[in-house]
Amino acid sequence: MSEAVSPLPDTEAVPVEQRAASQAAADTILYMDGVSVSFDGFKALNNLSLYVVAGELRAIIGPNGAGKTTMMDVITGKTRPDSGQLFFNGSVDLTKLDEAAIANLGIGRKFQKPTVFESQSVLDNLDLALKGNRRVFAGLFARLGKAQLERIDEVLERIALTDFRGQRAGNLSHGQKQWLEIGMLLMQDPELLLVDEPAAGMTDAETEKTAVMLQEIARSHSVVVVEHDMEFIRALDCHVTVLHEGSVLAEGSLDSLQNNRDVIEVYLGR
Amino acid sequence: MLLSNDHGRLLSPLGSRITLGLLLTVAVLVPLLNLAVPPGSFFHVPTYLVSLMGKYLCFALLALSVDLIWGYCGILSLGHGAFFALGGYVMGMHLMRQIGDRGVYGNPDLPDFMVFLDWKELPWYWYGFDSFPFALLMVVLVPGLLALVFGWLAFRSRVTGVYLSIITQAMTFALLLAFFRNDMGFGGNNGLTDFKELLGFNLQADGTRAALFATSAVTLALGYLLCRWIICSKVGRVLIAIRDAESRVRFLGYRVEFYKLFVFVLSAMLAGLAGALYVPQVGIINPSEFSPAQSIEIVIWVAVGGRGYLHGAILGAVLVNYAKTYLTGALPEIWLFFLGGLFIAVTVFLPKGIIGSLSSLRDRLPVAIMRNPFQREVPGE
Amino acid sequence: MPALFKVFRLRLLAALIVLLLPSVALAGLAEDLQALTDKSNAIKAAAVESLAADGHERAVPILQAFLAGRLFEVKEDDRIVIAEDRAAGYRIFDAMTGEALGEVGKRALRKVRINNRLRQAVKAGLGALTLASADPAARRHAADAVFRSAQADMIAPLEAALVRESDPKVAARLGRALAATELATADDKVTRITALKALEAFADPDVRALVSGLLVTDGEGQPAERDADVRAAAAETLKAIEATLAFNGVIASIFQGISLGSVLLLAAIGLAITFGVMGVINMAHGEMVMIGAYTTFAVQEVFRASFPGAFDYSLLVAIPAAFLVTGLVGIGIERGIIRFLYGRPLETLLATWGLSLILQQMVRSIFGPTNREVGNPAWMSGAWEVAGGLTLTYNRLWIILFALMVFALLMALIRFSGYGLQMRAVTQNRPMASSMGIRTGWVDAMTFGLGSGIAGMAGVALSQIDNVSPNLGQGYIIDSFMVVVFGGVGNLWGTLVGALSLGLVNKFLEPYAGAVLGKIIVLVVIILFIQKRPRGLFALRGRAVES
Amino acid sequence: MKSVIRGAIGAAALAVAVTGGTAAQAADDVIKVGVLHSLSGTMAISETTLKDTVLMMVDELNKNGGLLGKRVEAVVVDPASDWPLFAEKARELLEGEEVAAVFGCWTSVSRKSVLPVFEELNGLLFYPVQYEGEESSRNVFYTGAAPNQQAIPAVEYLMSEDGGGAERFVLLGTDYVYPRTTNKILRAFLNDKGISDDDIMENYTPFGHSDWQTIVSDVKGFASQGKKTAVVSTINGDANVPFYKELGNQGIKAEEIPVVAFSVGEEELAGLDTGPLVGHLAAWNYFMSVESDVNDGFIEQWHAFIGNEDRVTNDPMEATYIGFKMWAQAVKQAGSTDVDAVRQAMYGQTVPNLTGGTAVMNANHHLSKPVLIGEIQDDGMIETVWSTDKEVVGDAWSDFIPESAKLTADWTYPWVCGNCEAPKYVTAN
């Protein structure tokens, strides 16, 4: 969708006290306030507010249709919010930027379904993601320097794909593709990583390995993980936000949430 | 040290070496066999074959330009014939100006069709075409500019897939109708014809034809090299990435629209060049080159040869056009059955086209396993 | 015996008179009839006038036969006969007496030639003779013929006819003829000005032609009408008529736009299924339309050969026949080719293009390369004269109706039938549908068959307004794609709205820009529109769209 | 280096394959004639008939002993309504097949496309369709009508008392050279006759135009301005059927607004119910309905050849017939198929028209033919209502276009030129 959707002022959705961007805390890397999105009458996000602090590892859970993926779409510029505020690093208004600009600001994203460039090699995939000049004419004459090659090797090591360097990405196993995508995120070296269901379809061993990988990454980046798998969330051991029907239902540690009545009702009730 | 640009491998796959070798050989051999070998000898190539093969080479260049955007970037243009035709018209305008007062009405300023339709003076957009360098510039600029405007609008609004294909079709259809109009000043349905000479050489002389043929072959070879150079560069890999997963590329921070625009404009320019080489060899340019059916045929050449293989596009163009030449002469009443059948058979039995099927055959051989795992692979080769 | 002689002479004279009286008339008839075969059209025209003026009872059949091209001369004895078509030749009747003369071969007769000038004369003559006909349609035609001829001696018969006329429509036509005749022939100004006023009620092109004829100036700047008052009245009448005509013109444009839109809709709706719903870039769609049109031709051939009397109903048979034939062809194509290509939409483009070449050539081989005649049934010929200058042609009206009916039926089928449910299930989620026990292969084949069958029905409609030739489909394929894409792929309502709006835009542009430029503008508008809404008029918005 | 050698072998193989595929051995006892008519694509609808006509004529010639004691063989190719392909096929016929003459082309653009080829290779083309004139090539014989053999007589007829005395004209045409030129000539002619530009409406539509609602309404409007109006149609090919259908349905009667067409014959009407169109006119040099013994024979021969009694004959077929007969006579007279000898023998060659009288080939490569005007009948035939007293000489250059009025086409000594203001050679006297 590319056309700018005219903001539909939703009287209910607009928060009573409008907080200006400058008032956001300096260490808030992602500031979402009162964001609403609707598709043909269906409210995918309903007055959603969420704040992520720099360096934080945050997990987001919620049942199907809670708006997790739409939230990611909004942050990365794929979907324009109908209303609400969205700031990155305190002052950059994300609602005015497109995907490429947002990516270049330092927000990386991993999709729900592993999306790597299947017809290209693992090496090429990482090379494409490597932080650098994204212009066409630079690309025509670009060369990989020694430092960059070393960086690639380092990431290959981290995602355990060193031996698959020259393989077509399409030939990798499902789990390996997930890692490759995480590796691509690392190559981008973003300030904020949005990771959508990294453990989906993985074996237990792979899941464990992935959790370790993310924790490691979280040491140097802010990470937001969307996940279904409670075991995995537990392994991440971080602050958790529960989404329901497009807004935040509860927040806190996993243990506290597991005793929250609302959360139990949403997951088990009905 | 590995390069991000793989230009060292520009010629490494067998296909490209054969292609270039062939092109350069025919560029020398065919004119030689035409001019130096006496008629009647077994090795003599008659002039009509020179022109015919020259025409095939122009089509091959056109197919190459389509493969560049379709095979490598996933942009299916069903209107590429428009760029070809525009290049052709530019060359046609230059050739018309070269006629001077040798037209049937002997008017030194106006082409015959303008005299005929009562035009009093040369319209402004015909100015400058007497100059060959200017015309040559326009050959790439006019199609390039149209592609720039059209592409900028389309790619910026992220028109993709069939929507893009259909509006490219609308574009060429609109141009077809526009060029049909006699009021446009491009000769209407009859188009531009009755050319006399190019750069002072008589277009009907064997030498000129041979030279045009050689030029076409060399241009095609250069075009091929240019395309390979792009494909082997990082840009090439971004293009393939766009073809395979466009939104992923955006989230990596690439401005997909600029990449698409770059390759689309370049492709349009190559198509324009092909058109410009085509016109002096066939002797006429008229609006039927804009017809959507023509553009669809170009896509079919590429599909038959093998989408995503540059030499496949060349092979497809030559093969399908040769089949057309042969069948319309040998089986004039039923040739469409064969051609139509060929298209269906290729899609059903050789979904990757001829080259694609050949190379997947090659991939199945044990040799493939032995290949150096660290060697970069350009998808499609 | 002078007395006896005298008596004898008297008797002879009486007998002669008795014999001669009708034969004077008969001689006149024979002379006029003979004059009809003259080389000079002027003499022929005079003969027609004289025939009509004499009012002999044979004049009407003779003139009617002359008009219909059924008046012949027997080559052997130059006798003039009226002929009726028979399989082997003609059945002939003596023109003078109506006596049957048996059957002769076509070569034995020489046609009595007629041309436009004579046709006009004959119609005028027949008009005068048939004002009192029992058939209201004939009286109406007669009134119109008199309107055109505008001869002074018709005023009295017109007035008489007007008095006894019971049909109000015919009475109006009589009034129009009377006013026109008075305007043309009356001597006094007042009658003529009154006639002009009366004509204001009949705002049609013929009346406008008549009235503006008064205002035309000749080479020296002299107006055709010498009387300034009549000219002024004529100018006023003309103004009133033109205002009505202009209003009717707008209505006509709307009608024409909807009509063009309905043609586009018919052509596109099948594609909206095969392309829009199934994702097959079906370049052979136009050929399905063409096969539908040829099916119509074949059905009509059967009717012509076996049931000539029921020819008017041939289309009612052709519609289901075309649906079945093209539907089966479509199923065959789907099973034979398309099903191997799902998930590779661009390859379907290639294969169906090859297919379209084959189908065109096949039809060319079977039916020949030239146009085939598809007749219009009587109920689709002619036009409905709603008001002056506003004639809605019946074939277009029926096609609009037909298009909307097809659309409604299709929507109902998809929405309410079990098959429709399965089809929607398969197009939305194939693996899920398959796992629920829906035979997806069957549904695919049926859906492609349905799209093709609808294209075939479109062919029946198009055969009524366009060439039935192997190229028929080529003319519609691009427009069809434009409509589907403009409306939004996968949305049938979009196709409806898209088709009608493109039709209307085209027709409103045409008077200003001309047909070619108008079409170019529409194409450019589509291109620009797609920039604004990259997924057409009725695009789905949401997450599912881009996945 | 190895790859380059491999490439060379491949190239040579390709070249041989291409040559072997198309070059044919010309046997000594055969005279070849090329048939260059589209058998597929948009023009197949019209051109296929002409291909069959040539085949029929060849057949007849062979039955009568051939030509110069040799058998005549027709080489049929399909240029597929693709104009550059016409040039390619022409070259193939002349250079590859070495045909003695070519019968072909329908559209002007196809003729323009092959013209340079015929001139370069000194071939012979017989072009059988009415066209816009403004051309006289040494290598082409034009057996169809020039504008002065169709348009002017037709308009004169419309203005006459018999034709209805039209004073206002609508010129409808397909947007290409033939209608544009014809209408330009007609406008000049009408202005000459005192009809002002206000009384002339010109309208052009694209090829294959199928929606005539607006234009037919416009014609009705234009005709209701108090003057007798006639329509001159140069609408081409496929667009005619929808045009006439609309005309019939909107009730435009021939007595009120007669339409005279130059590209409509029995063939074009074959797809139509002509009941509502009776009286509309066509101007051409031949109608199937013309009664003459030669015509009856021709129609019979055609029906026998094509195996279908319903097929009609038309003007371009007659033009093909005349062209073929003339060529055969010229070959006999020249005693050879040599192009230059045959060309010389062509001038003054006569063939009886199917409609009576004789067609004569003039030194400007155009024929003298009678002009007929016919009215459409309800059986789809066109019946002659008027004809010229004697044959009209086809003009290569129109007298009504100032630039071309001064040009002369005469390929005999001393002119020897298709477009000259003065003879090439000065006569010695």
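Worth a mention:
For reference, chains read A, B, C and D in written order, and residue numbers begin at 1 within each chain.
Here is the rule we go by: a contact is a pair of C-beta atoms (placed from the backbone, for glycine too) under 8 Å apart; a residue touches a chain by one contact, two chains touch by 3 or more.
None of these values were measured; they are calculated from a predicted model.
A centroid comparison over C-alpha atoms places A as the chain most distant from chain D.
Interface comparison, B-C versus B-D: the higher number of contacting C-beta pairs is recorded for B-D.
Spacing of chain B relative to chain C, judged by their CA centroids, is 46 angstrom. A straight line joining the Cα centres of chain B and chain D is 35 Å long. Inter-chain spacing, taken between the CA centroids of chain A and chain C, is 65 Å.
Note: centroid distance chain A to chain D, computed from Cα atoms, is 72 Å. Residue numbers of chain A whose C-beta contacts span two or more other chains: 2-3, 78. For chain B, the set of residues touching two or more other chains reads 157-158, 177, 180-181, 247, 333, 336. Multi-chain contact residues of chain C, defined as those touching 2 or more other chains: 360-361, 474, 516, 519, 532, 534, 546. Residues 14, 17-26, 29-30, 33, 45-49, 51-53, 55, 104-105, 107, 113, 115-118, 177, 180-182, 188-191, 193-195, 204, 282-284, 286, 288, 318, 322, 324-326, 328-330, 332-333, 335-336 of chain B touch chain D in their complex. Residues of chain A touching chain B in their complex: 2-3, 76, 78, 98-100, 103-104, 108-109, 111, 115-121, 123-124, 127-129, 134-136, 139-144, 146, 148-149, 165-168, 184, 188. Across the complex, chain C is touched by residues 76, 150, 153-154, 156-160, 162-163, 165-167, 169-171, 173-174, 177-178, 180-181, 247, 292-293, 296, 299-300, 303, 333-334, 336-337, 339-344, 346-348, 351 of chain B.
By the touch criterion given at the top, residues 3-8, 10-12, 14-15, 18-19, 21-23, 39-40, 76-80, 82-85, 87-89, 91-92, 95-96, 107-109, 112-113, 115-117, 120, 134-135, 175-177, 180-181, 184, 204, 206-207, 401, 403-404, 407, 418-419 of chain D touch chain B in their complex.
Residue ranges of chain B in contact with chain A, taken from their complex: 1-5, 157-158, 230, 233-235, 237-238, 240-241, 244-245, 247-256, 258-259, 262, 372-377, 379-380.
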